[in-house]
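After this come two complexes, each holding subunit A, first together with subunit B and then together with subunit C.
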Partner chain A sequence: MKATFQGLNSMYRRIPRKNLQAFGLALARAALLLAYLFPIVWVFLTSIKPPILTVTPKPVWIFQPTLVSYQALFRKYDFGRFISNSLTIAFWSTLITTALSTTAAYALSRHAIRRRDDIAFWILSTRMLPPIASVLPVFILMRTWGLLDTKLSMIVMYSVFNIPLSVWIIKAFMAQLPKELEEAALVDGCSVLRAFTRIALPLSLPGIVAAATLTFILAWNEFTFALVLAQMKAKTFPVAIAGFQAKHGLFLGELSAGAIVGTLPILVVALLLGRYIVAGLTVGALK
Partner chain B sequence: MIGLAPPKPRKRQMTLERRTPALMVTPAVALLLLLTLFPMFYSLFLSLHDWNMARPQHGRTFIGLGNFSRLLNDPYFWEALGRTAVYVVGAVTLQMVIGFALALLFSSRTRFVSVSRALLLFPVMLSPIVVGVMWRILYHPSFGMVNFATSFLGLGTRAWLGDPKTAMLAIILTEVWQWSPFVMLLVQSGLAGLPPEPFEAALIDGASSWQAFWRITVPLVSPTLITAGLLRMMDAIRSFDTIYVMTKGGPSNYTETLSFLTYKTGFMFFDMGMACALSYVLLLIVLTLSQVLTRAKVFKVDVS
Partner chain C sequence: MASVTLKKVSKRFGNVTAVENVSLEIPDRQFIVLVGPSGCGKTTTLRMVAGLEEITEGEIYIGDRLVNDVPPKDRDIAMVFQNYALYPHMNVYENMAFALKLRKFPKAEIDRRVREAARLLGIEDLLQRKPKALSGGQRQRVAVGRAIVREPKVFLMDEPLSNLDAKLRVQMRAELSKLHNRLQTTVIYVTHDQTEAMTMGDRIVVMKDGKVQQEGAPLEVYERPANMFVAGFIGSPAMNFFRAHLDRAAGELYVDFGSFRLPLPKEMPAWERCREYVGREVVLGLRPEDIDDAELHPEYPADFCVQATVDVVEMMGSEAYLNASLGSFTLVARVEAVTTARDGAPHRLAFNMKKGHLFDPTTTMVIR
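For the complex of A and B:
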């Protein structure tokens, strides 16, 4: 009787303490999360403030939200064009990168090619190149070929420097798939191309989507090549917002609106394909 | 008729079939050769020349290793190298510590925690330019949130990015904010791959959870930690956009790292030969680190 009592007693004591600990931990997590995301929240608030309230000596928290900063960004500063340039370049380069790296990854992970491992390692190693190092000769070459400030040159360059990561991610996914299905098909007289399109391609689709998603994000975000190769006609969004910052740094409303617009494509992609991004990031780094 | 089918196309088909895998690799390799390897050789060739694009009448003259010896005697180069070291070591150390802490704090499998983790990873996906613009707004000397906060706490205000004492710190913190969650992600995938037995054994043997953490968790995830650290270091060395948008190397040249100096030499002074030489120094540093990384991967963790 006494033992039960003690057991109950200690149970009573334990449960609240555990709850308290869990509650404290949850509170710490929530506070940390809020603090971490605060910069984005603050910039968003600044972007929907009436511009006059963005330059006050004390922070203003209560205001009538407005979209005038966004309107100015698109009407006065022509950001629609830069966003359309960025999206066009990101879209086409993602398509090219993914097509080329899927075929390459398939051949490298499934078939005996001479010096296969050397080729795979070499492809990956080109990822180490600092962009600022490769942009110098590329700039001179593009100038000689008369391709400066064209979307074509940007699409080609973005396709090239995203191939290594893309090949690596898709290859890692393909390595996890069983080989038996394809081997059986090949023995039955199926051609390599058919085995690829009918068996390997559908099975490794998650890996391909992960690689394509990351490629798109990297292309949308890229700055160094865009800054050097496309100054006017083919100017992309990151270059435009950096330039706006340098010229009109005091227009905090418009600047914030620009920053928020820059996060939107990423937000959409993250909401639709977040799982794939995380998988791609992990595989790209650790495999 | 079928029996008399001409042998020649059949044979061609066979060789084509045999070559399919090689043909599938060719486009990717060809593009990389044309637009990565060839430009890098061209850049090596240019690094051995004195060539300023702003003075076209002077043309290109071969000077051997002249650019490199000029670099090694240039105090600006050594200063930039020192600042790069400060930037890389500072940013990566903080990222590793904060990333590890986030990984431990946001590790349970509840719905709230997994949603938080996804939200934390959002800055990783953003463009460094957008992140830089956001932090410039926060660091604004008169209307920025950082100064509102410090003056509220009675610490006074500062021109964070305009003050030689704080400019580098301000950039480092921006970089840390963006990339710590990436370290968190890698550490968590490292932790997920660990076998539970050593922990159980240690706890049964009476180890405290603190001891278990330092003696078991840390050593077991250390391969992942090393990989994450080296990856972040290589990225930080190459980092150019954050500095470009936040300070353009200023005030004066207090935040001018090696990659920014390369940009400035090439595209502001148009001294292409020297810029190519600088980019080779940068490349050499990154390659050395990547060698260390491939060695470290000998102990790699299986994350699947």
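For the complex of A and C:
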């Protein structure tokens, strides 16, 4: 026993301290990753299990994978339509939000508007109200306008709710661009609009892309308004998934398959634009 | 090429007056330097000429054209910014070609001009690089290149050398002067560095608190400063100032410092006017090079020499700066490197009073 301990001790001494630290860090990373990925893995496994195995009292880990749940998703529930609705709504609300907030952020970061800081804070303050608090008035408003169960109602609402956050992200990005760049463009022969489109806009692109991605994700995942505003024609995929239940319980396989399909667009966006998102959200954090 | 005229130009930001009543005539092809400490209004003046800052009062002409309400793009000016303001998303070629493209120059002409400017500035090998891949000196050259391809009527330069290291600054100073000689364009150059002002400008305008303190040829401003601020600001090391009493004895004028006194020779430009100040306080201004090591200059009469205590000898190689105390005064003398003065030891200093300047302590204006 003593000999073994000594052996271990000498081995420990032979491993450089730096390597041990790296090993510890890697272990911590792996644990964290597991904690984050486990639910996704579980959902994925459930989505490819034969339906009967999804409701066993003890989880079954060995099984013959099947796409039955995915097939049911598109045949039984017309899931393609919900995805298409969600995509249309997220796309247009992102486009509107980004266009409006880019110009607003430019004005707020560049022009000497009276009470500029108050305006900027007011824009942000609209975000402080929990969305649920405005659900009822919005419902009445949309009913009055005859927009219930239309994609337009959600495009409008998501744009309204996401503009503040988007303005602040883009504003932070534009504020760090040296003003002299646009001044140099003005002297070089640009009009104010051209200095914006040729200089400020391309240079703020990381911030704009970050804001747009975030807007897209928020619109894509939104549940509360979607649940209230669209029950039939314009139903979006999060609301649809929530409906995958029968009297005696949930259709876990189909629900999981729906969740996986619904995650894919976000995954693609995050993989493609992750670099921009980090740059956009950490503006000013480091010199 | 064009002249630039400022007529009673003022700029106010709310209650703060940044530039007050500035009038300047800048003839065609002249290299004029606006110099002064931070916050003196020199950059604001330049930005008003560029059209980047609105004018509160007054008129600005480029050539014969009143440009108060003309946007920067239509003023036919080019500007070099302190931080260069190169477009980070364009390479050097695109940076330099940008203004010409906006003006819809033919491609061949753009290419010819960009390459010629690049050759002139020695940056031909850098044309495909992005600004972030350039050193400070190279960026500075690109910024100048971007300005010269335009062949504008007026160049505006806002402290273009202040971000460079000392050695490069000296080199670029000479290159910009050469460039001006070659291009023969009107240049308005802003700096807080009096050495740049003295070495580069055909004419310098010294500013403080938004007002022009003095304008003239560099040597004229150096030798005949209008007030204590200009006298102290222009020249390095700065002019020494001594508060003293002006006295007359046996037909001669003296400045009396309490523990010692120095005669005012008749060759002094202010001598005639000085007589009005007899019995009053004055400020004597003497440049460091006008205080000599008495041991090395036996030609000075004894009454122009005073024993001082040398605090520190700064050896510069070709010369030495003596930081000395004289009663309650401290002074800097610029003497030959062979001086025998040592730290902490007494040493005789000779005052070249013919070069002295007298100032009114109340108005701070020169007595002349």
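Methods note: the second predicted complex is superposed on the first by the 236 of 287 C-alpha atoms of A that agree within 3 Å, B and C clash if a C-alpha of one lies under 4 Å from a C-alpha of the other, contacts with A are read in each partner's own complex, and residues count from 1 in each chain.
What we mean here is this: a residue touches a chain if its C-beta (ideal position, glycine included) is under 8 Å from a C-beta of that chain, and two chains touch if they have at least 3 such contacts.
In this text the structure is predicted, and so the values were computed from the model without any measurement.
In this superposed model built on subunit A, subunit B and subunit C occupy separate space and fit side by side.
By the touch criterion defined above, A:146 reaches neither subunit B nor subunit C. Taking Cα centres throughout, subunit A sits at the apex of an angle toward subunit B and subunit C that amounts to 90 degrees, reported as a multiple of 10.
Applying the stated contact rule after C-alpha superposition, one finds that A:133 touches subunit B and leaves subunit C untouched.
Once chain A of one complex is fitted onto chain A of the other, the partner contacts of A:191 extend to both subunit B and subunit C. In the superposition on chain A, A:65 makes contact with neither subunit B nor subunit C. Once the two complexes are overlaid on the shared chain, A:40 sits against subunit B while remaining clear of subunit C. Comparing subunit C and subunit B on the residues of subunit A they touch gives the larger count to B. When both complexes are overlaid on chain A, the residue A:181 reaches subunit C alone and has no touch with subunit B. Our summary of the superposed model lists a minimum C-alpha distance of 9 Å between subunit B and subunit C. Subunit A residues in contact with subunit B (one complex) as well as with subunit C (other complex) are 191. Every residue of subunit A that touches subunit B in the complex is listed here, in rising order: 25-26, 28-29, 32-33, 36-40, 42-43, 46, 54-59, 100-101, 103-104, 106-108, 110-114, 119, 123, 125-126, 128-134, 136-141, 156-157, 159-161, 163-164, 167, 176, 191-193, 196, 217, 220-224, 227-228, 238, 241-242, 245-246, 249, 252, 255-256, 258-259, 262-263, 266-267, 269-270, 274, 277-278, 281-283, 285-287. Of all residues in subunit B, those touching subunit A in their complex are 17, 20-22, 24-25, 27-29, 31-32, 35-37, 39-40, 42-43, 46, 102, 105-106, 112-113, 116, 118-130, 132-138, 140, 142-143, 145, 148, 177, 182, 185-186, 189-190, 224, 227-228, 231, 234, 237-238, 240-241, 244-245, 248, 259, 262-263, 266-267, 272, 275-276, 279-280, 282-283, 286-287, 290, 300-301, 303-304. Across the interface of their complex, subunit A is touched by residues 50-52, 71-73, 77-79, 81-83, 85-89, 98-99, 102-103, 146, 150 of subunit C. Subunit A makes touch with subunit C in their complex at residues 178, 180-181, 183-191, 194, 199, 202-203.
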